[in-house]
Each structure stands twice: as structure tokens, then as C-alpha cells.
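Below: a set of structures, written as C-alpha cells.
Across the two complexes that follow, chain A remains constant while its partner is chain B and subsequently chain C.
Entry: the complex of A and B
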């Protein structure tokens, strides 16, 4: 944990350096409790100008919120979390999976972020495709939930309240991306997980007979840190940030202006035609920085 | 129903009964009606006891398996993250159809004034009650957290209405159950009292129940066809297909029940009701097959990744073909049933009629069940193929719920028929006492 924190602080410094060169900056630290400067905060525009904008209203708690907290369903004020995955950089090493699974104590039978091996046609080269929950802006999963256990927040994140879920699995049938897993048996969480109070913002201790999925790490954002999969990626292929700030940051501390990145690199979303409006964008695997996966590469 | 003080004559809205003299008040007759019903439900021939013992035994096996599933988790089923609905939801879907199909007795009886059907209509209403009971049981055993079922109760839980179609289904299914309980209970009670039922207390509900029967299967179809993630279900033909097949499986079960009643009970009726039901099935089974053919053609001729589920279901995909024997059994049974039903004299040949009805019922049970629910998950949205066949636990729980449904059906008929035919009434009770 503390190593991650140091890393983020270092990233923050790098982000500031980037700001000086006018490349744009993401300051996730803004979400940190008590770090607010009052009524105004300084932000950087895509053009590299420093501007004063209204600070988010009220104090944002640094701790993950419990299921009964009314703020839980609202999300982190003023935020609009977003992810960009650069397929040209992903070499399929699976470190994002390991990092995520370690942080969320995920059992070996499931993954919150998967790495698929994609091949669009026989003559086209295969490529690796990391796939978390897309936290869709028009989520088919929250729509079908009969008991309002899974919900969309104003900060863009889709979460599950495992203390409300009845386990009907309608959301699993509705998700076009197979993002959700079910606790078919009794979970076997380690003592470290069981010692924590339950929070939908990190999803453990697990509850038997309920659904779980990637949560976009809002508990990390509250501490001013990047999600586990982002920090875990040695290639810096996964960027995470705030759409309101128009900036995303990867594990190498490189901060990019979101809109320019998507425009210049022809960003796209998976199955756009379904109208689910995912909050995860992909940059096509052109000019790859790694050898293409061979036929024997591990699937999923 | 209004309750009255003992000894007061019936309310003006109720036509004075077939029994001469003053009827006693509801506070006296209603408990007697309940007591007599309990007596009728538990008293019978050795055949009745044998049948009920068999059903109780099967039901208890199911209860035991469900208890194990609640203790150890849904891991006792063969469902996976890939195929997240299985035998339970398959049976649920089919039973909604049977419940809706029961209306095919109500429509001739009340809308077309078919008097022969009118004498038997209570059987259709009782079937609806039994089938809905099974639907609710199948959904309950499919829940990962049955202890939290109250989250789905409007007002108490956090009911995601009107967005979630499942909340609509909770409302229409329970509404249909309430309607049929009221209609059946009221008609039987009035017969028991020897009074003519007041039209305003049941006719509006009967008409409402006809529309409601259509709604339960339409809403259930909307559960599936509104999902962009499952191309096999994402068809506007889903609700019409559900209704067409419901109007086959419902009448098929009623015909079988009538033949059993004719053989094992002393209830008498002519050939007209069975003929009407056969005529209904002749049309609905052809419509059902036509719509099936239309869907299969659209899927298979179009090709492409969205039709992979249909490919998997009918022919197998990349060497995986667990459902192929199921669906071709269904196709064969349904076509044979359709051919048998076309034979003009089928309603006069009980043997042939039984075969046709059993084949149609089983054929549609597969088609609306395993053949509809499971392949929508295969291949998964990520194009992975994980197959599914039910576990022993799932089969046991399913058998238990079928036994429960048949128990409800048997007991309700055991109470309903003698009262409805006038054999059991307050007057007869008094006579036997004096």
C-alpha cells in the first residue's frame, strides 16, 4: 500500500512537470479528504492553461463508504472517472490481473479484469485485449436489477451492494461483456479481507450467493491513487483519470489529455452499436510495441 | 366479500339462493366452508392417498436438495458464470405458459358462453393457481439469497419499478395468482352456500384475468427479449411465440386432466369441452410451429456471429452439442403431436389424444425451457463455449416443485369439483346432520 502511495506521489510530481510543458495533468489527489483548498482549486486545461475552478462541494471522505452511507450511491463529487487502454502497448503479461486480484482478494476462479486474445479475422494479426467492467453510462445491468442492488453513480462508476443483492443473476444475463461473476459457493476470503468492514467500494468481505465485478477502485481514488490494474501494468498500457479534467494517467506517470489522445489515436469502445456507452476506451493495436501473440498464447 | 352478523339474511346484491329459507351469515358459513374444504382435501380413496404419498415423498426429496443448496450455495448446481441460468429458470418460463394457457378454458366459458365449458372452467382456474405456485417456487430456488426475498416485496424492499422487467413479473404473477384465488374461492364458496354468485363479485375479475393471462407471458418474454447481450432472445417474436406455445401446453395439460378425472372421479361431462380444447390446440400448435420455423430460418440463413447460439442449439458448435438431442426431441415430439391433432377423430380416441397431448406438452417443455434459456448463454458474450447440463441437485429440486404443483392441483380439484358440481354444500351437510 505505502509503496503504491509513494508511486502515486511521484506520479503527481511528474504530472506537475507535464503541466509545466503544457501536456495536461491529472490530479487525482484532489479527491483526497482534507486536501481541498477551499472554494477553488487549480486545474489545467488541455491547452496547458492553469485555471481556477470550483472545488467539489463538501468534504470527500478518504475512507471507502459502507453500504448504508447515502453518499455511496452519489459517488465522489465532481468526478467522472474514465479509462483508456492502449492496445499497442499491451503485451498480454497479465500483471493487471495479478495486481487487481491481489488488491481485491479475488479467488482464482474469477477475474475482475480479463486479458482476452482477440483476432478479428483469420488474416488479421491477433492482439491482447484487457477487459475490465466498462462502467457503462447506459448500463444494461443496473436497469434489470429488481432490487436496485447494482447502481450507477454520478462519478460514472457502477457498483454492487452485496448486502442488498438477492442473487437472481439477471444482471449477468444482461451484461454484454461478461463483466460479472457470482459467488456460487461460500467465499474463502483471507483474514486480511475479513478484518475490513464491508464496502461496495472495494467489494469484500464477499457474500455468498451475490454478484461481484470490477469496481473501478473508487476507494483508491478517494486516497488519490490509481486503480490496481493501472499501477500494476508494467507497459503503462492502461490510463485512468477524470473526464471532467480531460486527463488520464498511466503507471509510468505519463499524463495525457484525454480528448486529444482519443482523437489522435482513433479511440473506440467495444460494441458501440449496443448503445451501452462504456466508460472504457481502447486505442487500436497499430504500431505495436511488442511481438503479436502467437497461436499458443494463453486465452483469457 | 362482505361479512355479516349471524342470522342476518343475505345482502341485497346477492341473489337469494337455491336453498329455500334464510341463509345463515358468513361468520358461520365461511368457517364451515373452510372446515369442509380441509376435510375434502384430506379424505379420499386409497388411490388418492397413494398418489398424495408419492407426491409428498418426491416433494420432500426436493426440499432436502434445496436445503442442501441453501446451506452449501448455488455451487450445488451446474450453473456457471458463463451459463448463469439453467433448469430452474427454464421450468419457470414454461410454467408461466401453462398458467397463461389455462385461460383457454376461461375464454370459451365466459366470452363465448360455452355452457359445457362453463361447468368445468374451475379446472382451468385451479391449474392457473397450481402453475403460478410452481413459477414462484422455481424463481425462489434460483435465488442466490432466498433469505433476502423480501427485498422484492414492493414497499418493504427497494423495488426497482418500473425499470426492471423482473419487478413487473413479480407484480403480474402475484396479481394473476390473487385474481384466480379470488375467482375460484368466491365461486366455490357461493356454490357451497347454495347461492347464485353475484356477477359483480366475479365477472369483472374473470375478464381482467383473461387480459392478465396474456400479460404474464408477455412480461416474461420481455425479461429475455429486452437484453441486447443475448442475440438469441433479442427478437420481437418472443412474446407472440410464448403465447402461441402457452395456448398449446395449457390446453394439453387440461385435456390430460379431464381424461384422468373422467377415469378416476365421478365427475361427468360430455365430449364438447375436450373437442373445443382440441380445436384450440389444432390452431395454436401450427402457429407455434410456424413461428419457430420463421425464427430458425432467420437465424440459420442469415448466419454471422449473432446466430451462433441457434447454430449451437440445433447443430452444435465447434464439436460442442449437449443440447442437440434435446431440441430435436422437442421438434420431433411437437410435429408428431401436431399431426395427431390434425386427425379429425382424435378427440374420440383417448389413447391417441393422450399421446398427442403428452408429446405437445413435453416437446414445448423442452423448447420453452432448456432449448430457450441455456443456448442464449452459449457461446458466451466473449465467444467462449461453456456447456451446461443440470446437476442432480437441480433435477431433484425441479422434481420436488413439480410434485408440489401437482399436489396443489390435486387438492384444489379434490375440494373444487364436488363443491362446484353441487355434491358438497351447506344444505347437504345439514341434511346429513339431521
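Entry: the complex of A and C
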């Protein structure tokens, strides 16, 4: 599968090389265990201090973890994954959906990242709005799960253990962003997906009667790589990174300080008033670099 | 708070088969040929539903009309409806008992039996809705106290256990009557009655203890019943969804449950009265008194509904506006206004007007309330799911039309409920013999000093 990914990434989108070798990727590489010294790992605290902590059993593995692994529910130590989506750059091409669906073998009836057409009011211009799972810091979905099948990790990621999920769909009702999908029938995963051991960190092979959603690609982060939607975006509209490092990177290999990006570009979160504290920020669609959705439709 | 009764211990050895006993024991006769046909038809519906469920197990929930937007559907609507019916029986019986209302005697057991059969069907309906029924035990193994679903599971189990106990306790003296009566029961049945009679001898001491137990259960069961509906409401109310995230949803579920539950009890009363020829016990007076209770609940529910929707209509925006306009004049107009008419206004009028406040009129109103309250639960579940906060991706249309599987399983659930009720009514006396006998004894001795009798009056006099 990783071979497939590599091949896909090589063929796929522009400037991946830059991302893989650039500063952003370097900042992500620590998840591979590169900074591990003996039984200790260097980690950055929320306050910005470097501390040494005990390394998990062996090292932080570069592979995705299975549902039984105790580290699965803790997440990648010292990390706080975060995403920034620049709406001024999104031209609604849908490449993020394609690369995400390809990587996660997502059936055509659902999308882990959607591209919505937004229009805040009648006289305001419409714009494209990529929407993954927001991996909320106050997630309404994990609160209501009766069996702890969907859980929030210390690295900020919200995942689903499909081997525990009972399929009550309370989390789907609770999510105000419609981020979750259900395997209503028997999944039809390709042989390539079925050949892999199941891991909640990539979400396949799918299980009948369970919920799935965007997983923020922790399996890629473990390999020091960016999520599929990020690398798939030809506009470099999606940034991903570590809040603890205050750095986010896009597909063009551009690494920016998170705090400055949000401050300078007036970053906001979708429906802040719900109090869900999303880990996905948006940069408003000002000075757009592409035609508005309706103009595109006219051209098409 | 004990129910006053005849303190003369009757000797159970030579039971003088009283009028009440013989009337009620007559209801335990085997089914007639016509009744067997009815049972056969209901069983066929249950079997058909079971076959559809097996098919659903094989193919997954894709055989339903649910999708990622309509993630809940008819099964959840059925669940709320069934526990609603299950509310009234026990709650009504407990409230009437605690307030010492005498006319309750012929209806409490029937009402409690309705509760029991409704709960017995409501539980499995939740499992039918689960994507992974094979993992139900995960709820026990990995159960998380933060989840309202877990509270609901506990509450349902507690209420079920409490209802069984509350139904059983006042049955003990009747079991003794059946144990000792001369009707030719098969051996296994007599053994069952003997076992369930728990050695009851009708001594003053036993009576006193029984009354105390019943009264404790009557007090305990009320908060449990209220909790079940409040918690079920919270499953909706604790989500960030327009139409669900509302402070009135808990009380509205409780009142709605009592409302539909009383309607169900009245409907069942009419059927029992007709099939079992118990006109002397289930009198027009009972129907009228219950209909006034029904009217009260109707008005309270109307008031809650007004608060919910009129307030929302005046001050709302975004998805909430979409949600309301979907009902007032959009895709759910028919269901919404039918619910208002069938569920609230027409039954209310039928009871308010004295010339329609007859058994026929009251039973018609009750049947309408039952249909209307099912629609009400549809209005609670579906329109909210079709008013998401986020705009829809292209090519997604929000229409939920339940499939044959969903309707079949719904029909099977209701048929199963009726079958379980018939089973109960054929195995046990559907009205309480000993309590009515006590009433008769009181009527025979008018010098009673029991002031509470004035509260309710005896319909059987």
C-alpha cells in the first residue's frame, strides 16, 4: 500500500518533492522517531518548552497502529495536528477529494473531504469550501458514543475504531458538520485494501454497519508525510502541520508559522458559536485567485 | 397511603366464587375460532417482519431508506412511540394509586400490561436499528457513562424491571384466587399460579405488607418513568441540531408520552371491554374520566408545541428557519399539519364537545391520538435531519421515503405487541379481582369511614 502511495504521490501532484524534502516535511519527520535518543523522545510542550519524555515501547512506530494497540488512543506523542484551508486559493477542482478517496479506497457514495459551495448571503459572492472532519477539541461526536468507539487523542485527532463501533449512529446525529458516513451495506473494498490489516489510523478494510470519516491521516504523519488532501491540492490551498511547532505546510512545500498565518489572514473556524473548537481553520476568501463558483459554472 | 380494604380474612380453602371472580375468570377461556384467526393473522405479520429483518441482517441497513443525512428513521420513531405508550400505563396507574382514586381498580392492571408489552417490543426495536446488533454486548463491556444512550439503556432496563414488579405485586392475591378456584386449568397453569401466588393466604399481615410494597413501587416508578422519556429526549436534545437542541424537549417527551400512552390505554380498554364482555367493569364513566385526563394532556402538549414552533418561527435564522419552513410550508407540510389536526385538534374537540364524549367518540379520539403521535415522532426525527447546518454537496437530495423493510418491521412490532398483550390477557386476569371485590365489599357496607372513597366514587356500584 505504501508503494502504491508513493507511486501515486510521484505521479500525482505538483511539487510533492518540495514537500517531502522541504522544511515542512522535516518538521513532520519527528513523528518517525528521528529525534528519539535511547529511551527518550524530545517533545515540545504546549507552552513551547522542549522536554524529554519516555519514548513509547521501542520507538514511535512509522506504521499505522491496530485497534488493540494502547498507543492508538493516545496518538503521536507531543503532536497537535492542525489544518488551515485558504479559501482564497480554492478553485473547487476537487483534487483533494480525489486523492483522499484514492488513498482511503472510499466508495463513490461518500467523501471524507467535501467541497461545498458556500454563499453567506444573497449579495455576497459564493465561494468553494473544502470541508474535512474538523477534529474538534470539544467534539460532540465522541461525547455521545456509547462504547468509546470514536475517541479524541492527545495529538488532536478524532478517530473511529470500526471493530468496536456498534452502529447506533448517534455520532452522526451529533456532528453538526455532517462529517460522518455510514457503511449501510457491505463494503466493497478492493483487494488492495483487504490485503492490509485493519487500522483506525487509515480506516480500512471497512466494516459493515459502522461509521467512518476523515482521519487526518495519522498514518501519513507517522511517515513524515502530509495528508492526501494536502498533497493533492494543486493550488496549495490546504495547509497541515503541528500546532505545538506553530508550523503548517501545503502541497507547494511552503511552510508558514501558523499563528502568523491566522493572525495576518484573519483565520476563523466554521460555526464557532457551536463551541466545538474545530482544529481546522479557514482563511477568508478575500482577493480570490480564481473565478467564483457561479462564474466557473457559466464558463463550463 | 394504603388502600383500604376488607380486613376480614376470607378462607381461601373454600373460595366462594364471587361475581367478579367468575366474570374475570371467564376471560381466561381458550380463544374462540375467530380469535384464533386474528392471532394467526398477527403472527403472519410478525413472521413476515422477522423474515424482512433476517434479510436486513444479511444485507445490512442498506435495505432501509436511511442514508448519511437521514441517519435515523422509522425504527427510532417506532422506539420513541413504543416507550411513549409504555409510559402511561404504569405512570397513570401509580398516580391514581397514590392519590387514592378508587375508579382506577378495573384499569390499572390493563394499563400496566400495556406498558409491559410496549417495553418488551421497544427494546428489540433499538437492536433492529443497530448497524452491528452482533456487538450489542459492547454496550455492556465498553459502556461509557458520558453517553446518553447508556443512560437510556439503564433507564429502560430499570423501568422494565420496575414495571414488571409493579404489575406483579398487585397480581399476587389474584394468583391465589386462581390457584384456589375450581376452573379446570391445565396442570402447568395451576402450578404457575401457585408459584406466583407466593403462598398468599389473604391474612391482614400479608395485606398490609403487600400494600406497603405496592405503595413503595408506586412512588419509585414515577421518577423512573419520567427519567426514561427525559433521557430519550436528551438523546436528541444533547446534539447541536436545530429542532432538537431545545430545553423544552425533555418535558415535551414526557407529556407526549403520557398523552399517547393514555390514548393507547383507552384503545386497549375498548378492545378488552368488547372482546371480554367486561362492560360491567369498564364503564362509560371510566372512558369519560380517562378522556378528561387525555384532554388535559392534549392541552399541555398543544401548549408545548405552540411554544416550540411559534417561538422558533418568530426568532430564528439559518438552519432553524429552514427546519421550520420545511414543516410549515415545505416537504413536511402534510405530515406536520396532519399531526396537528389528527394528533391534537380533532381529538381535543371530540372530547371537549359533550355530544361526542361517548365511548365511540373517545375511542375514535384515542385512535387518532395514536396515529397523530406517531406522526409527531416522525416530525421530531426527520425534518431536523433534513436541515443540516452545512450546505449540501451537489447531487444530494434530502428525501426520506421508508422502504418496505422498515414498514414491515414496524407492522411486525405493533402486531407482536398485540400478541403479547393477548398472551398476557389469556394467562392472567386482565382486571384486578381482589381490588374490585374489596370495592364491592365497601359498597355493601355503606357505613364505611373511608373518606377517600368520595374522591373517585365506585363505578361498579
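By our rule, the second predicted complex is superposed on the first by the 242 of 300 C-alpha atoms of A that agree within 3 Å, B and C clash if a C-alpha of one lies under 4 Å from a C-alpha of the other, contacts with A are read in each partner's own complex, and residues count from 1 in each chain.
As a convention for this text, a residue touches a chain if its C-beta (ideal position, glycine included) is under 8 Å from a C-beta of that chain, and two chains touch if they have at least 3 such contacts.
Since we're looking at a predicted model, the values are computed, not measured.
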Three-chain arrangement built on chain A, chain B and chain C clash or fit: clash
Contacts of A:117 with chain B and chain C, given as first, second, both or neither: second
Which superposed partner A:168 touches (first chain B, second chain C, both, neither): both
First (chain B), second (chain C), both or neither touched by A:176: both
First, second, both or neither for A:243, with chain B first and chain C second: neither
First (chain B), second (chain C), both or neither touched by A:144: both
Chain B and chain C contact sites that coincide on chain A, given as residue numbers: 110, 114, 116, 131, 140, 143-149, 164-170, 172-174, 176-178, 180-186, 207-211, 274, 276
In the complex with chain B, residue positions of chain A that touch it: 110, 114, 116, 131, 140, 143-149, 164-170, 172-178, 180-186, 207-211, 274-276, 300
Chain A-touching residues of chain C, taken from the complex the two chains share: 59-62, 64, 66-69, 71-72, 129-132, 135-136, 138-139, 141-144, 146-150, 153, 235-236, 238-241, 385, 388-394
Chain B - residues contacting chain A, complex: 72-75, 77, 79-82, 84-85, 139, 142-145, 148-149, 151-152, 157-160, 163-167, 170, 223, 227-230, 376-377, 380-382, 384
Residues of chain A that touch chain C when the two form their complex: 110-111, 114-118, 131, 140, 143-149, 164-170, 172-174, 176-178, 180-186, 207-211, 271, 274, 276
